[in-house]
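A, B, C and D label the chains in the order they appear, each numbered from 1.
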Amino acid sequence: MSRGGRLATVLGLFLVVVGLVVWAVASLLNPGVPGGVVNFTKTQAAGQPVQLTVQTVGSIGFGAHPTWVSYLVKDPTSGKWIHATSWELPAHTLVNMTIDQYDSGSPLRNQEWGQVLGTIGSTATLNGTSFSVYNSNTGNGVGHTFAIPTLNISVPLVGVSGNPCGAAPCHFNSPHNVETFSFKTPGAGSYNWQCFVPCALGYLFGNGGAMSTQNYMGGELEVVNS
Amino acid sequence: MSPESAIGSEENHFRRIVIIWVVLSVVLDLLFWFLVGPHVPPGRMTSTAKDNQFDFNVLMVIGLPVVIGVWEWLGYAAVKWNVKRKDMPESVGGPGAAGNKRTEVSWIVITTFVVLCLAVFGTIALYAGNGSGSGEGPNPILQPAGAVKAETAALAGTGSWSPNSNEVLPVQVIAQQWKFTYRYPTFGGFESPDLIVPDNTEIAFNVTSLDVIHSFWAYQLEVKADANPMQNNVAFTKTEQLGNFEVRCSELCGIWHGAMFNPGKVVSESAFMTWATTTESTNATNTANLAPFAWTYVPDANGAAGGYYPDGNVTPYSTVEIYGSKQPS
Amino acid sequence: MTDMIKNSHGISDTPEEREFELRAHIGSIWSGGRLFIGMYTFLLASLVFSYFYLRSSNNGLLWRPDHVTAPTAYGWAIYSLTLLAVLMAIFGQSRLRKGGVFEWQTAIWVGVAAALLALFLQIYEFTAVPFYPGSSGYASTFIGYSVINILTIFIVAYWLETTVARSLRMNKELGGVNSQLSMHPSAQSFRANVASMTYFLGFVALASTLLFAMFYLL
Amino acid sequence: MTTSVEAGVEAPEPPAFIDPRKGAGGWLSQHVGTAIVCGFLGYILGHWLGNYIGSAYPYIANSGQNSLTDFLALLFMVTGWLLGIGALNYPLAKIVGREAKGEVQYTGWTRYFRYNLDHKVVGIQYVVGVLLFFFTGGLLAMAIRTELLNPTVHVFSADTYIKIVSEHGTIMMMMASSVIVGPLGNYFVPLMIGARRMAFPRIEAFSLWTFIAGYFVIFSALAYGGFPTGWTGYAPLQTQAGPGMVSYLFGFAVISVGMMTAGFNLAVTIINYRAPGMTWSRVPVFVWSIIATAALLTLASPVLTAAGLFGLLDKVDQTAFYVTEHGGSSYLWENLFWFFGHPEVYIMALPGFGIVGEIIPVFCRKPLFAYRIAAAGMIGVALLSFFVWQHHLFQSGIDPDMRPLFMLTTELISIPTGFIFLVGMGTLYKAKIRYEVPMLFCMAVYFNFLIGGVSGVFLSDVPVNVTVHGGFFVLSHFHYTIMGGLIFAFFAGLYFWLPKMTGRTMNKKLGLWHFWTMFVFFNLTFFPMFVIGMLGQPRRVFTYAKNLQTLNDFSSIAAFCLGASFLIFVANLMWSQFIAPQKAPANPWDSLGLEWQTATPIPAYNFERIPVIMTDPYHYSEEGAPELADFGHDPPVHASSFTARTDPNQYE
């Protein structure tokens, strides 16, 4: 073979091997946020509070992990429930959050999360009633929390009796609790939020699984300057 | 010029290297000790930070000459003892080239001596620093005076702390995926996401975890202790300056490990007393819901969570009474 | 001698070199056998360490709750069969040294049968332990022990079987009676292998006794 | 036996060796292709079996995760792979008493894709395998540094980042434990000790093909969604993690079997196949490093196998080895893992020392200084490395009484490590250094390993450890020792020995470019990390303090350049080995080493005659130095040298 021929062969083979490895690594480690980012800044008049509506469901019923517990969010433009837990929010803006909790609950492992922390007035409303501490040892307990750890925000989501809604998005007819609260977004940056109730059924002490995978029980708040 | 005079005699080389080495070492050691040393992170906020900074500087003063010596030797050889490319070198063998008993023995003796000194120094520093701020497990052998009394009282729920009393303040650090929370057993056992400690006080950090292994690293306080499930890992430090500090998790604990941090504050003793008593009363409702104060907490596998191990097959877990007995005595 | 040369051009093959290679080969079987014991010791030591570590930690008072009882009958059966296989190998080797090839073969076949039975019982016991694997520290280490013991008995059975199969075929290949005792390199290699095997099996007997006592008697 | 040994000399069969037959069989015989097919079929079978068995368990239905399936699929995949490549032919043939008829040995280029018993072929195969690991891990390192360019703007999500970090660490550790032992150890140890074969060539080939299988297993972790624990795999995070964790545990188990078998064969070969006259005081220093490493490989790896097995049982069979709440202990994994893990650190350091000791005298034209001290240092490091593992647990809450002891043992290990420096500095003294590429890499090893070693003393000191444990300081420390020491030594060895392995010289100009870019950017990448660590950045974080961005960016940019420097190496390799090959002189560096005294290309049996060794190979520039060895002439002059070293009867 001539030098040119060898050059072409080796380069060709090299590119094939490198291409395979790069393709494999890159396709398995997709950059970006799992589930995509829902934009709440586009539809938002400057300075006006953001209306953010989410729901929790005991088992999502579709996708790669149909048995996993998950959060869903209401798309601000179409009004449809979508499975995405990362939200783009404007900085230094009030967020009015509504959470429809369709999942059952139990006593908290760490009762610290029975408190409402970091929201405006350190309170939230549960089906219209304001509260600041919930005793999860009574009643249906707490199913999840919505918490932004680096901002010290945490709200307990009180559980419903039983687990009637088996697939997302849950219909309003299913038993659920509605909780509302408000908080103010900080300066621009990326802030993670998560649930502090180990709720991944079938995993060691409920951690792992949905608790350790983005786009189920946790996500990111991408706070941007509007 | 003959090759002999070009490379000089053995004595000349060795003496030259040693002189350069001594001068460089002394200069750099002094520069380090006086210019860099006092600013070595993480600063001097606590007794352990101060002590460990001193230890770091001592090791640096010993380590710098070693590094300089070897690098100088490499550099000297590279510059002085090379031959031009393509020239086949001449014979440089001769007696002593394959070994020199005096050199070998003195090398071994010197390195052994330095190493043993380092080990002794490290051990003394560890003992003098009450464990130097590192996690000592449930039964610490190195602890400040009054630690046993304060810890025992804290578990019994009879602990107290007041400003200027020189008492040890026990603080419990509870790690969970992915946040630290803190309990203050001497103030009714309230729990808070904020870590606030008084100045000029011996603090006993009792670190435990509710799930996986985390590591409590209060950076400026120079405290680091792994948080293990079902284990109380105790570390001591004495605050000596007011200011803010940063707490980070330094053991990989899952996806949000990188986001597991929170700020903390060293405040004056009276300010701390005010904060603690206020929080104790505002948190009273929730404190009543908390699990009784214990050094460790065992997750309830029978809740909505878990289900990895099937229920019913497992003996119900015992909690407090075992861990009470493992406490500092 | 394991792999045989064909068509190797240009290679020197003097009697001295041939003997050197043979000695190196037999030395390899000897030191390989000992090194394998060292390797296996560290594997078993990890299990023993886990046992005593968890036993002394007794986390959550869950080292060994009362209802976690070992299936002692299986344990005795497996242990005795393993021991039988080992004893057969040791006995066989003493006969082989005195020229009793047939006795050796018979002993090894008995050993193979005992080891296979032990293997079956150990696998069966593993699938039917009378407690939940995660119920205690002891239960966990017991499961670990079962798996490692399956491996151990498998190695015992495999080594015994391949050796006796080799000795049978050797008569065919080399011709004659009791060619296993000849000075043919293959026969020397075979006897070195038997020696290493017997030595390893002696180690297995000791280790099995220790582990049996730990898991079934203590 | 009572018969005399001499009778055996007349045996009809010639000595053992590799059979260089041209193989029949072609496409349908066993090769990588059949291995891949069998591995794939095994995967499917195991997957089906796991689902069949696992479907009855409620926790599997709840979590939607069946670890049994994942485990059995991988187990059957590896078994199928070994079956397909032909690794099991011989063990299976033995059941019916057959010896040595399992494999046909091939010549020609296809032998590199087969189960080959020639240690020289295995060595080349290992080079390719190691580079595969290395470049995959390197690609992931680039991803890590990309994410760390900015503390708040994220390229990857948090869970993807943890997967990248974990995969990078694990792949690199697996690579590093074989990077010199596998390619250069297997290739050159028999040549250096004057052996015509390995003691257990099948075990050697087995170690290679399990190593390659380990690559597929650990790579499958990404397809399974990754694992979040880093290379240390701490439990119980391990126990709660997803199916990628099974790949990690099983992958390490597979790799540990490969390490064990590789070390086993090398140790036995060095002990038994040294040529006549190759006494322990004449063994090349590289061989000393390999036998010390082999001892660590055979004795430490089984602990990893056991630790991995227990972890797999926790995930597959729901035992509770590492679950404290159920009577296990999270410390158990830490202890078992580090009991393996610390010898592992020296598995990754010693071969590097050996290569440096071997190469420096050649380019200094001087005897190796203090040969005995070098050998003693390696043995000393190997022994001590079993007694230091708890220094990884200084902050973990272990028994506080133990810490002064482990501080002492850890610091003691710097004494034998210091021997290696004495040897190097003594050899450099008044040398006549030729600046060839391998020599530059060797000097860089001393430069880098010094920083790695001295920073290790800081880590071993418990008070200072409070600051530096679990942060970027320790990260920089072990990159300085493993990459700065081992990988630099690996490249030194490659540049040095490739002319012998392939008969083709590497291009010197490209080699110099490779060296200088790699050396400079390596230091620019990792030295700032000491500072970053002291300033409080923990390891494995996707976000960090804003004031550390400048340092992190500096490190990242240097890392990209470091990555690019390997492209120069790849270009050099392809250019000078394949595209425009330059025939290498028989002994381009004028080395006295035994491995350079055979013909190039090396015949299948290495030496026409078994050489008789007269002296050690370091008599450079010595007037009247003795001949290295008697390679034998007709008639043989060295028959007397073959008098019995061992009596076969003593082993029966």
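The working rule: contacts are C-beta pairs under 8 Å (C-beta built on N, C-alpha and C of every residue); 3 or more make two chains touch, one makes a residue touch a chain.
What you see is a predicted model; the values in this text were computed from it and never measured.
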item	value
Label of the chain whose CA centroid is most distant from the centroid of chain D	A
Between chain D and chain C, distance of the C-alpha-averaged centres to the nearest whole Å	29
Distance from the mean Cα position of chain C to that of chain A, given in whole angstrom	55
Centre distance in Å when chain B and chain D are each reduced to the mean of their C-alpha atoms	32
Computed distance of Cα centres, chain C from chain B, in Å	47
Shared interface positions of chain B, touching two or more other chains	211-212, 230, 254-256, 259, 298-299, 301, 307-310, 314, 317
In chain D, residues with contacts to at least two other chains	58-59, 62-63, 158-159, 228, 236, 240, 318, 320, 323-326, 331, 543
Overlap residues in chain C, where contacts from two or more other chains coincide	59-60, 62, 132, 134-136
Pairwise chain contacts under the document criterion	A-B, A-D, B-C, B-D, C-D
Of all residues in chain C, those that touch chain B in their complex	59-62, 65, 132, 134-136
Chain D partner contacts - residues on chain A that touch it in the complex	3, 6-7, 10-11, 14, 21-22, 24-25, 28-34, 65-68, 189-190, 192, 200-205, 207-209, 212-214, 220
Residue ranges of chain C touching chain D (in the complex, touch as defined)	1-8, 10-32, 35-36, 38-40, 42-43, 45-47, 49-50, 53-54, 57-60, 62-64, 97, 132-141, 143-144, 147-148, 158, 161-162, 165-170, 181, 183-186, 188, 191-192, 194-196
Touching residues (chain side chain B, partner chain D) in the complex	7, 10, 13, 40-42, 48, 51-52, 55-56, 59, 63, 66-67, 70-71, 73-74, 77-78, 81-83, 85, 88-94, 97-100, 103-104, 107-108, 111-112, 115-116, 118-119, 122-123, 125-126, 129, 131-142, 207, 211-213, 215, 217, 219, 222-226, 228-231, 233, 246, 248-259, 298-299, 301, 307-310, 314, 317
Of all residues in chain D, those that touch chain C in their complex	1, 3, 5, 7-21, 94-100, 117, 195-196, 199-201, 260, 264, 267-269, 271-273, 276, 298-300, 302-303, 305-307, 309-310, 313-314, 317-321, 323-329, 331-332, 335-336, 339, 603-605, 608-610, 632, 636, 639, 642, 644-648, 651-652
